[in-house]
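This structure is in structure tokens; I'll ask about it shortly.
Naming follows writing order (A, B, C and D), and every chain is counted from residue 1.
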Amino acid sequence: MTRAEARNLALAAAAFALLAFLPFLKDSGYLLSVSVSIAMYTVLATSWALFSGPTHYISLATAAFYGLGAYVVAAGIGTISYPLLLVLAGIAGAVLALAVGVTTLRLSGVYFVIFTLGLAELIRQVVTWVQNNLTGSRGMYVLTEITERIIYWELLGLAALVYLVGWLVARSRLGFALRIIGNDELVAAHVGINSAAAKLILFVISGVFAAVVGAVMAPRYTYIEPSIAYSPELSFQVVIMALIGGAHRLWGPLVGVIPFALLWELIAARFPTQTVLLLGVAFLLIVYFIPHGVVGRIESALERLRRGTRRG
Amino acid sequence: MDILITGILLGATYSLIAMGLTLQYGVARIMNLANGEMLVAGAFGAFWVFTAQQASPFAAALVVVPGAFALNWLIYRYLLRPLVRRAKNRGMLEVDSILATFGMSFVLVGIMLMVFGGGYFTYSYLAEPFEIFGSPFALNRVVACLVAVAISGLLYWGLNGTRTGMALRALAVDPAAAGLVAIDVPRMSAFSFALGGAVTAAGGIVLSTFLTMDASIGVVFTMKALIIVIMGGVGDVRGAIVAALILGLAETAVASLIDPGLTLAAAYLLFILVLLLRPEGLFGRRQS
Amino acid sequence: MYRRTALKLAAAAALAGALPLGFTHAADPIKIGAVAPKTGPLAGGAAITHWPNVQLWVHQVNERGGLRMRDGSRRKVELIEYDDRTNPGETIKAVERLATQDKVDFIVAPYGTGLNLAAAPVFAKYGYPQIACTSVTDKVPELTKRYPSIFFTLGTTTAFANSVAEVLNKLRAEGKIGNRVAMVNVADAFGIELAEAARPIFKTAGLEIVYDRSYPLGTQDLSPIVKGARAANPDAFVAWSYPPDTFAITEQSKIEGLNVKAYYTAVATAFPAYRGKFGKSIEGHLGAGGVNLDTPEMKAYLAAHKKVTGKDADYWASPVTYAGLQVLEQAIEAVGTDRKAVTEYIKKATFKTVMGHWKFVNQSIHEFWTVGQWQNGLFHGVSSTGLPGAKPVIAKPGW
Amino acid sequence: MLDIQSVAKRFGGLLAVDQLSFAVRENEVLGLIGPNGSGKTTVLNLISGAFKPTAGDIYLDDRLITDRPARHIARAGVGRTFQLVRVLPSLTVLENVMAGAVFGHKRLWGREARKYAERQLERVGMAHAIGMPTAALTYIDEKRVELARALASDPRVLLLDEWLAGLNPTELQTGIALIRSLREEGRTVVLVEHVMDAIRSLCDRCVVMSGGVKIAEGTPAETLADREVIRAYLGDDDA
């Protein structure tokens, strides 16, 4: 580990520790609920980008994993302890991601995009059918003592984990392989990289995170409806936040999620009757005026700065 | 027999949902996530004509179809063309158009909410039994099927029998090469995008005679349309129609013979299988 | 990484600055928050059942000069409304925002079972009374124990299924139908729960379920399910359905000629749009809910609803939602804006509402309408858990 | 060491390679020549595993590699360059070369991989460009980087697809010397090339292709004098 890396790591740890104190602020309820959604999207978008950033595959299956995680909790709560359910949700996510990855990672471009969309719907249909015919109203209520504060901490922990995993992957052979795959898959094959396996590992990692996030969020909703747990809007939002931030940097999704979430929050708060219309307009403005994502903006600004100082 | 006819009728419904998007995505290369909203807008038009003007909902086509054409032309010209121009490759355009049209779908939902309110809109039109081989079927669905046949026939003739159609097909295969043979690519793309929007809105009019809708239901249609278009093969109107029919038949067969609870699961399973076995879609060209 | 903290702090400041902060002095209006879907899957229902009643109530209260407080003063009502886009996460955030940023005095309960339950912990945390008028759940005892300020008014799934069984048995006793029931349900929360509750209840009631299938939410063609039900040759048809499919099932039944003497569809049967779409052919249709249309209060309510909002109220949850607001109104007028006192008052007092006299027992209303029937163009309550004014059930004539 | 037996490759209706057989001996430089479109690059793609042959077999050291994926063939010690240079644009020059060292035949990691990659860059005369982004490279330099990447995997067989094309006379001499030195350290080289000088001075043997079939095989002098070869060249292409 270089000194810069150690410093960054320490700073990150300090930041997380600081954030962990947020629930103790006075009147933090609203801030906390905003932070929960920011943390949730951060984990989802970052883990999404771990896979999609280097491989350029756009997956719209986030909701499938998320919903699966939520359902594992809903079906098992009361008989199985909650921490164990989180683990089970992770395992379920991994199994699903593995099955999906093995069959689909050879699809490319838009086919993969729509495939994952179809997949999310398929999972939703199958889970609903199982629920309707086997578990019934059990698998709908998640009544626990878990408060928003605990959910926030869990998400914060997951965020730390996702960054740790991302950082470890980036320094590993796997990360290097992914960068090569993202550049040129043919070259990757010809230098001896097993690109299918590399993509699969990352897909599984992102699937596990999404499933665990779903499991963490389930107690917050109390009542799990298929149309809400498997909302396609979630998948789209994750993709969009990650892309707006920039998927090729580990911290990219974060700089997309935060301003995006705050902007949306602001619109929702200030324009309650035209929320959707203005969200759309804000969104279009972002797409047209920040074409390379926030990361792109930051990087080009840094580049200008560097060039400026060099010249001066 | 019942299953067959019901399946074909449902397939026709699906083809109405998907045909517009084939033109927009297959030819103009815009994966339009606001497509469903255009459909709902068309349906709103029909609803308004029927309830407020006491006229046949199909009369709405006189205004809605040209209106949708013009609106989509403008959308392409002023909102999408800049994206096409700045995209370095197909992948970038895909990402940009997903993002932009996603935003547009919100804007359209917002506008419809303001204009029409958030409630359900539904009315009864031609909701009578129509006997085919001794079994009753909904007349409005039969009419929808006929309209679907008419639209697809027109499109087929338009694409295969006219100069413009040839240009569009060339564009669908390879925009760069199409430009080399003196096809006005931007104009043709705008045309096909606008045409797709008009077809979608027309579909909305027909569907409103038997589906209950509200301002935010568009996304449901967008998803279905995407799946049908991809399953059929991008840029091929025939493919979309065949895929729609297959889905319609499969859903009906599963609902009648196995369990209605698994209809959509079966549809998505079928879609996934098609994609796995023929990633380029039923009628798509394999890309090298 | 430290950028994250900085951004968050900046954001908190920005939000705090951007949002209207509430300063309540005596002469100020009472601030009422409301959050429910204006978009998303539940928006269609909320636009019929929820929002118009909020609008109507606020309009009427302010028309009267405001709420008449105990000290004789009048305080108008100021409404702050948010769209949760049918997303429970948004509902939670919006309720937090109302509670801590807008500092509203009271909050109208959200719309639907899922969104209400998601928001319940927040209501409980800040002690806001939550009169959940559009929630139907069998977990009422557990939920009321958990959340001391939640109130249920619409009923339980078991009660709904029980009443349907009773109505069917009544018709059977009169010799109008046999005991064969075809049952279908939408595979979404409410539909699943109702179907699950109904199976044993129907069996105990001596009804034979000859067809029992679910269909996914968003099915575009329900004719196979109607055909399947018809093929089972039932005497009664029960669909635990949601709004879009209620319309589709009815239309399809009409086309297929599903001729049963007892025909039940759940949510949306009581919508005016149902009558608007099907006209006279819905005579004798059974559906969830119902009201006593003969009371003067109900008549006045329906007229005012039409006049103020320009739309007809539905014959089930609309007046219940309005009654919930009346409860809030009367409680505030009785004890003021102290939320704890209001909650306690709601638990104990009896309220005069458009739905009749309401008295909460264990935080829920135990007398509610369960089954209604279209008779002569109006949706009358025909079965309830002990309310007066039920009309006799009739057998459904042909289409 | 490399044995191609009756290999065929069909693209849709087009038969790009038909019943082609030849062998490459250990430590030789084999020239694969022929007019444009005769299927040379396709043959390299078949050997490296980029394409699967429609028929026939390919052996590497008596091991069947016909249906092995490209990554296995690469790890077995086959390195290659591409006709249209494929550098990895978002990686630095050094990282481009490290790609070969990390994942290829050699499988190094960390400092070792870096050092090894640096040595390969020195070898192709690109030591000065180690930290540069690839965007700054000229076409010729890109070719060198690509060769360094292939070398970094320490290949036993090196497939060079028109690697010498486009070099100026001085560069050409350096290039030829470089390839020769590769052979001297015991590697086997298959060379698809149009530069006749290079073929004459480097190749031990040549295989001449035309229209997907082999029309001649032998020493450069023999094959280039072959009537059929001359006809093939003059027929399509005035080489």
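We take it that a residue touches a chain if its C-beta (ideal position, glycine included) is under 8 Å from a C-beta of that chain, and two chains touch if they have at least 3 such contacts.
Model, not experiment: these values are computed from the prediction.
Annotation: omitting chain A yields the touching groups B, C | D among the remaining chains. Among the other chains, D has the CA centre that is most remote from the centre of chain B. Chain geometry summary: the mean Cα position of chain B and that of chain D are 49 Å apart. Between chain B and chain C, the centres computed from C-alpha atoms are 35 Å apart.
Between the Cα centres of chain A and chain B there is a gap of 31 Å. Across the assembly, chain C contributes residues 38-41, 187, 214, 216 that each touch 2 or more other chains. Within chain B, contacts with two or more other chains are made by residues 109, 113, 216, 259, 261, 264-265. Every pair of chains meeting the contact definition is listed here: A-B, A-C, A-D, B-C. Within the complex formed with chain A, the residues of chain D that make contact are 48-50, 69-72, 74-75, 79-80, 82, 86, 88-91, 95, 98-100, 102-105, 107, 109, 149, 153. Taken together, the chain A residues at the contact with chain B in this complex read 56, 58, 103-104, 106-111, 113-115, 117-119, 121-122, 125-126, 128-129, 132-133, 232-233, 236, 239-240, 243-244, 274-281, 283-284, 286-288, 291. By the touch rule above, chain B contacts chain A in their complex via residues 31, 33, 79, 82, 86, 90-91, 94-96, 98-100, 102-111, 113-114, 216, 219, 223, 226-227, 230, 234, 259, 261-262, 264-265, 268-269, 271-272, 275-276, 279-280. Within the complex formed with chain C, the residues of chain A that make contact are 8, 11-12, 14-15, 18-19, 27, 29-38, 40, 125, 128-129, 131-133, 136-137, 140-141, 143, 147-148, 163, 217, 220-228, 231, 233, 251, 254-255, 258-259, 262, 265-266, 268-270, 272-273, 275-276.
Of all residues in chain B, those touching chain C in their complex are 2-3, 6, 9-10, 13-14, 109, 113, 117-124, 127-129, 136-139, 141, 210-217, 220, 224, 248, 251-252, 255-256, 259-261, 263-265.
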